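Same chain, two partners: chain A is paired with chain B first, then with chain C.
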Partner chain A sequence: MLTVASLTRSQLQTRLAGHGLAVRTGPFTSLIRSPIAYIADGIALLYGDYPLEDAQGFADFHVHLRRSGGVRRWYRPQVHFDVDGLVPFEPLPEAHAFPMLEWALNWCISTRAHAFLMIHAAVVERNGLAVMLPAPPGSGKSTLCAALVSRGWRLLSDELALFRPHDGALVPVPRPVSLKNRSIEVIRDFAPDAVLSQPVSNTTKGTVAHLKAPSASVARAHETTRAAWIVFPKYEAGAATELTPIARARAFLRVADNAFNYSQLGALGFDTLAGIIEQCDSYDFRYSDLDQAMEAFAALEPPR
Partner chain B sequence: MTHLPLLVRALRDPAQTAGFTLADWDLVLRQATSANLTPMLLALIEEHGLLAQVPQQARAHFEWVRILATRHRQAVRFEVACILEALQPTGVPLLLLKGAAYTMAGLRAGAGRLFSDIDIMVPKARLDDVESALMLHGWVSTHHDAYDQRYYRQWMHELPPMQNMRRGSSIDVHHAIVPETMAVRPDPQRLRAAARPVADHPGLATLAPCDMVLHSAVHLFFDGEFDKGLRDLLDLHRLLGEFGAQPGFWETLPVRAAELELGRPLFYALRYAALLLGTPVPPAVQQAVQAFRPNPALLWLMDRLFGRALLPAHASCQDALTAPARFALYVRGNWLRMPPLLLARHLFHKAFLTPRTAD
Partner chain C sequence: MSAGDTWRLRPGQAVRYRHWDEECVLYNDLSGDTHLLGDAALELLLTLQHGPTTEAMLAAVLKAQFDIADDELAAETAALLQHMNHLYLIETLAC
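After this line comes the complex of A and B, so read on.
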């Protein structure tokens, strides 16, 4: 199986600017087209381990990022994104091209892949048991996720928990972990070997950098797993590490609140989520110290 | 029109999909997504028992939209039940139009059809009662600009769209099927008198089969917006296919079109449904609608315009003349909608007087 790393930098650039680069991430193949160097840089740095697919074959998502024309080509150049002609977002400054690609791919999955119950959550796994970390932005979900995967947990996703309704299995879609603002420094200190993309400042989410997904997680992208714990993280400066159990009914509503397509799935969504809640222990988790947080996760007892 | 897009070929003859390569599936699904027709393509493929032959990658996309189509059908049923309840005190019968009618009547045209609002028709004299009843049940008017309000209430064939405050669902309340300002005036009283009850749904009615086809035709061919053009042509194809099997339907259709002054849209509907989707039309009916045919020069032009605007709005289905064709039809739609002086006044107001921040 060929991976993106088998291409030279110039082959990569040629493909992206031409027919496109077909990359497989978990269950999805995305055909990415873009002449923008930031995109080629980001892909070369963070997507080396991913399988290459035939660019003339079948792709789930056709994403295209192009530079603006006219005066904008020179004055404050912008990047425009479309999914096969459909334009869901406003253009952004060209320097934001790579984060935009990541948001675009998330958007494609979360608005289309209704074969899954999709929760806005990070998911990591160890010894066949997965932790789902659903949380609104700013809760420290991605920081915690990045720290856990740099300490041996397998990355399933930083953004999208995909549950298969018929058996409740979690389907991995391991992609780079998006770190914002101070988290970037925190993770650099915590995991000095981590591969991070060049931070991009002044995005709508502040300064953003992406952490490369561990090669072992990408290699195991076809292996589904089961959720054992649901942990709602909350970073609070100076807070003691604290894991508080949550009642199932409450956990159900809070997960549903973070779902992309709970209502579209109707009764199937309810049944799927009820099954997940039933098999998991759910906690609120307050933390400020990452090392202590790692210990708390390592000590999680499998649900009975 | 000799080289039809893959999606049109698949809709025309679903059996052709059995020979599709993976790259063909890639393209047909992209065209279907841009035309919002993936669930309808799925419905056709399933009717022909062909789903098992679809490669797994493409079938995944069909399963994604199946979820949306199922949810949509459920939401429409719920919404219609809410409207029925809201209208009950007024005693006005609930006559459904277009998508909601196809879905509730269980017509093949409703299978996998996604639409954003529910269209109903009530007598003009009862508009106020209906509007009040809907307001009491949470629907509110969406166009607050005084000019827009007058535009709808004085010139159009419907109230300004109403939206439910809690559910966000929309309803269009019509009293006729074409604007008041249009040159042709199909009599709403005649349409209502011929309406049919919906089996197993007490209190619901739809237009009679011929009227349903004529409404679909006038909606598609006298309007200016063609972003849903192929979907609406497929409606006609499916309605004609289903009703065509009923005794008397084909004989009545041209007669009814003449009665309702809708001969021209019927001519176009039969012509383009047959050209693009291969809809079978009996020779006698072909002959009968020749009376509604435009002059040869106009028909030549319309073939070029509709031949482009009715294709999916996808890059693979467009040529250099697609955008001009769509624009020309947009202008034509407005031209048909209002007499020239009123149209000039309306466009002037929209261009220079309507506040940009309205809505």
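After this line comes the complex of A and C, so read on.
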């Protein structure tokens, strides 16, 4: 199996600027086309472990990031994203191209992958049991996810928990973990060996950098697992580490609130989520100290 | 509405629910919403699954299952039925 790392930098750039680079991430193949060097830089740094697919073959998503045309490209270059002729985002400064690619890939999945029940959540796994971290932006979800994977938990996803409706299995889609603002320094200090992309400042989300997914997580992207815990994280400066159980019916509604397509799936979404809630223990989790958070997660008891 | 009214499930409601720890989540087939309901509301829905039932009979079902004072029974029953009526789960047959 060829991976992105098997390409030289020149080959990578040529493919991206030409027919495209077909990269497999979990169940999806994305055909990425872009002449922009920031895209090649980010892919070379963070996607080396991912399988390459035939650029002429089937791709789930055809992602195109191009430069603005006309004279604008000389004085304020921008990057435009389109997928299958749709242009869902406003153009961004060219320096934001790699974060835009990551957001574009998330957008492709969250708007199209309705074969799954999709929850806005990070997912990590250890010893065959997964913990889902559903949370809105700003809750410390990605920081916690990055810390956990740097301590041996397998990364299934930072953004999207994908549940197969027919059996409730969690399907991995491990991609770089998006870190924002202060989280970047926090993770640099917590995991000095972690590979992080160059921070991009002044994006709509502030300063953004991406953490490379562990190679072992990418290698196991075909291995499904089962959710055992649902943990709603909330970072609060100075807060004591605290896990508080949540009643199942309440947890159900809160997970549904964080779903991308619960409503679209109708009764199937209800049945799928009910099965997940049934097999999981659910908690609110307040934390301010990552080391203590790691201990709390390591001590989670499997549900009875 | 009065105690003499007869209630039924709105046609198309399958009463698809999961019950945990004295609460349930119920999928509303007509609105696509999911509701958080208590045991008493669920008991009324499960009774109505067997067919249209008078409000007085539904009050008797609640009386048998839950610790409700006699002087509050009619009002409690009416309030629960009204709530579920507003959620498009049930409707009255009274004209």
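One rule holds in what follows: the second predicted complex is superposed on the first by the 304 of 304 C-alpha atoms of A that agree within 3 Å, B and C clash if a C-alpha of one lies under 4 Å from a C-alpha of the other, contacts with A are read in each partner's own complex, and residues count from 1 in each chain.
One rule holds for everything that comes next: a residue touches a chain if its C-beta (ideal position, glycine included) is under 8 Å from a C-beta of that chain, and two chains touch if they have at least 3 such contacts.
Note that the structure is predicted; figures quoted are calculated from it, not measured.
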Partner chain in contact with A:247 - chain B first, chain C second, else both or neither: second
Partner chain(s) touched by A:86 [first = chain B, second = chain C, both, neither]: first
Chain B versus chain C as contact partner of A:62, first or second or both or neither: first
Superposed model, chain A: greater residue contact from chain B or chain C: B
Which superposed partner A:266 touches (first chain B, second chain C, both, neither): both
Contacts of A:277 with chain B and chain C, given as first, second, both or neither: second
Touching partner for A:256 - first (chain B), second (chain C), both, neither: second
A:114 touches, of chain B and chain C: first, second, both or neither? first
Contact residues common to both interfaces of chain A (with chain B and with chain C): 263, 266
Sites on chain A touched by chain C in the complex: 247-250, 252-253, 256, 263, 266-267, 270-271, 274, 277-278
Complex interface listing, chain C residues touching chain A: 14, 16, 18, 20-21, 23-25, 27, 29, 32, 34, 36
Complex contacts: residues of chain B adjacent to chain A: 22-23, 25-26, 30, 33-34, 55, 57-58, 60-61, 63-65, 67-68, 70-71, 74, 313-315
Chain B-touching residues of chain A, taken from the complex the two chains share: 27, 29, 56-60, 62, 84-86, 112-115, 261, 263-266, 268
